[in-house]
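Structures incoming, each one as structure tokens.
Next come two complexes, and both contain subunit A; in the first it sits with subunit B, in the second with subunit C.
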Partner chain A sequence: MADTVQTLINMAAKRFKADAAQLRPEDDMFERLGIGSFQAVELISDIEGEFDIELPDYELQGVKTFAALAQKIDKRR
Partner chain B sequence: MIVMSYQDGVHELALGAPPCNEIGSAMLTELEAFLTSVDPEAHTLILHSTQRGGFCTGADLRELYQGLCDTPPEQHGARVGDFIDRIHRVMDTIDMLPLTTIGVIHGVCFGGGFELALTCDILIAEKSARFCFPELRLGIVPGFGGIPRLRRDVGNALIRDLLLSGRSIGAAKALAAGLVSQVVIAGEGLLAARSLAAQSGKFDGHARRAAKAFIKQLPAEELARERALFVELAQRPALLAALKRFVESTDLRPYLP
Partner chain C sequence: MLDLGRIPCLGAALRDATISFKMRDALIEVDRHRESGRHTYAELRAAADQFTGALQAHGFKPGDRCAVLMQNQSKWIVGALGAMWAGAVLVPLDYKLTAPEQAALVAHAKPRVLLTEWPTWEKLALEPQTPFERVLVVVTEAPEGANLGRAVRFESLRGQAAVYCERAPADLACIVYSSGTGGTPKGCMLSHANYLAQAEVLGRMYPMKEGERYFSVLPTNHAIDFMCGFLIPLMMGATVVHQRTLRPAYLSATMQRYGITHMALVPTILKTLEGRIRDRLDELPKWQRLLIDNLIDLNNFATRREPNHKLSSRLLRPIHEQFGGKLKFVFCGGAFVERRSAEFFNSLGIPVAIGYGLTEAGTVLTVNDLKPFRGDSVGTPVPGVELELRDQNEAGVGEVWVRGPTIMQGYLDEPELTREAIVDGWLRTGDLGLLDAAGHLKLVGRARNMIVTEGGKNVYPEDIEAAFAGLEHCEEFSVFAANYLWPTGKLTDEQLLIVVRPKPGSSDQQVETLLAELRARNRRLADYKRLTGFVLWEREFTRTASQKIKRELLARDLRAQLDRASIRAL
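This part shows the complex of A and B:
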């Protein structure tokens, strides 16, 4: 889980040009990264490629933090 | 909105309407104009997007909502039917063009955009591509011929998943399912399509057209059933309510469930 959330943070920071050191697992990732629909779709594709999983969009319902998303990812690995 | 070019037997249509090539009357008019100007000597059509977000987010929901608001409820069926008939004429004509048609997909390829992509003979996806039928969220089914066209290429299990869950799938899944036939890295899709077009141009025209006609037919009966179902569902209050929510939403992520 710790590895997953850090990998996720690093990946999102790289994609959206943020400073990974400033991002925390409990941060609202959409708010911190300032991402909308199109960027969220890019993030899902990155996640699927990085973790070699399928992550249905509806799994993101109610997910706001990096930690919550990392949990969803781990359940599909 | 659509930048059209033609060189060495290859038509290229670059969809360039912000934010992400929503299909409304303006785009349809341009596609209709293109279809009346196809060079008889052409061998390939490449369809791609210059919008960063992706290939196409689908129908212009704001235009659809405004059109329904401007029409008495008892005439909604006729209005939707006329629009769908116009779209089907365009989509069916692209589908059956006597050219090799190549769709280059990156980013969002949702709803009507997915249906437009499915008119192409060959789909090349960049790794960022995501395909989705979100129509059930609006209380309707895909109405531009998407399901009948998709059924030509992939198994019903995946189609039911896409249709009934509204989820999106990425390029790797689309490749594994046979929906796309090539996946390339970001920014390489158009170059891959041009390379394929150059190859297509080497073939005898009659044989190339015959090969396409042999392998690809229009699923006419199922398209007619889909049209009827779409028009029926589009007259229910659920669509208007969903469109109102979409148009009035300030959510930054309107395309997520």
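This part shows the complex of A and C:
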């Protein structure tokens, strides 16, 4: 779990040009990265490649924090 | 040419289409890179008829309501069509809302049937079930062995032979919620005549041909996609393409594979696409970039009077190929469109027609006809729409009032709200605008206390206030749109703020506690509903006899005593 969330934070930071060191698992992804849900969807393809899972778009619904998304990822691994 | 003059209802118009275009493709569904379904018009008719028969076997009668709550997919259309042919009033609901919000709208709309999909129902089934007690819940794509609770599977619905039920033009076709996820739900009641009038006008202005393909990316429950991505393409024999993911990588692949010709977008998606193209252009070697810049200039000159898709797609082939090479038209509305974005796409030969509308008025009130393209206005009123600017100031800015055949009948079960919105047949939009010499409307602000997000969602402060009820050390509070209090003359960066009056005598420490709790609750709201700032206020709010805050009065006091600089970040 801890690994998943850190990998996720690194990926998000890279895609949205943020500083990974400034991001915490309990941070609100949308607020911290300054993105909307349409942009967040871009991250899903990266996640699928990295974790070798299939993650439907709807899994993002209602998810706000990196930790919550990491949980969804772990559930599908 | 779309001629709907003698057609009484949407069901009839679409039924005619399924006969006229029989062997053409009506719907294509794509899941990632795989095509997962295809319906010709004849197959669409058969599938919809089956749903009609199944509803009728469950006692569904003309005038009963059928809510549709699912992401864009073929079954959305099949279900909506089947329900319409059974005489239903459709209630398209937003799949992006939270489960409690969706349940509240179901409770308000009181549908006889709810058509939804498994991931959504899985969450709704955990909510209190009272709103669903008298509803036939039909769920698509539930996995084997899933616990459906009170719901039934779409795939195993069986029924009788369908009996097609025609509706009259004045009958209600849809109830569409324009807001009200926290406060009073605003269910816009739109008749068949409303939709037919709008479809005919838009179908004439921007005709689609058999074989052309519309890519349905915006939620179909939203007024724009319902009109442009369901009614119009199917009435005109075109194909609607649905995709189960909105990831840009897949979007681009689908556009290329299916030769998408038409799309409708909201500004936020337009900007994302713009960013991707700009990034690609920036990566090019300098000489290539120069070459493309020259071609863009040439294209701008050649299309200065009206778009020329053939020419533009040849001149700027590499860019057009990213979009499949056939994209000739993008409609953009739902929220404020930045001139720069629209102009960028137009310069690439992908004309973006900017429009303006409200769910309360069907879909579109004004739109750019692209002859020539303009990125600085929301266009001129569409035929049939009368537009007036009332209470104009010395600069010519006034509130936009409209009248015409597409204006809704009113808000469901809210006569008072309806009376406020529609006065003597005129709909007050709550938006401030001015008309230029060419009759183009420019929007400059809002006369109402509300914001519209870049994604096209209307957010009313009243919808959010419930989330802050009972804050410790707080005497009273009120939420406002910053632009309503202190207009900027622009519709960008719309923000919400809260005016807080701590309990008299609160210590600094207590005020800090109050703000900390405020921040925590704010974070729990959906991102588009969040407040960005606060203002501390010491004077007591004036209230009505029924203890409601007199917002107008408070707003006036705030304007008189404070300015934008008083907003502190939350």
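Note that in this section the second predicted complex is superposed on the first by the 75 of 77 C-alpha atoms of A that agree within 3 Å, B and C clash if a C-alpha of one lies under 4 Å from a C-alpha of the other, contacts with A are read in each partner's own complex, and residues count from 1 in each chain.
Convention: a residue touches a chain if its C-beta (ideal position, glycine included) is under 8 Å from a C-beta of that chain, and two chains touch if they have at least 3 such contacts.
Keep in mind that this is a model prediction, so the values were computed, not measured.
Residue contacts after overlaying the shared chain place A:49 against subunit B, while subunit C stays out of touching range.
By the document's definition of touching, of the two partners only subunit C reaches A:62; subunit B does not. Of the two partner chains placed around the shared chain by superposition, subunit C is the only one that A:28 touches, whereas subunit B remains out of contact.
In the superposition on chain A, contact is made by A:38 with both subunit B and subunit C. Residues 30, 36-38, 41-42, 44-45, 56-58, 61 of subunit A touch subunit B in one complex and subunit C in the other. Interface of subunit C with subunit A (complex): residues 71, 95-96, 98, 119-120, 123, 244-250, 268-269, 272, 454-455, 523, 527, 530.
Residues 20, 52-54, 107-108, 127-130, 132, 165-173, 252-257 of subunit B touch subunit A in their complex. The part of subunit A that touches subunit C in the complex is made up of residues 28, 30-31, 36-39, 41-42, 44-45, 56-58, 61-62, 64. Of all the residues in subunit A, the ones that touch subunit B in their complex are 30, 35-38, 40-42, 44-45, 48-49, 54, 56-58, 60-61.
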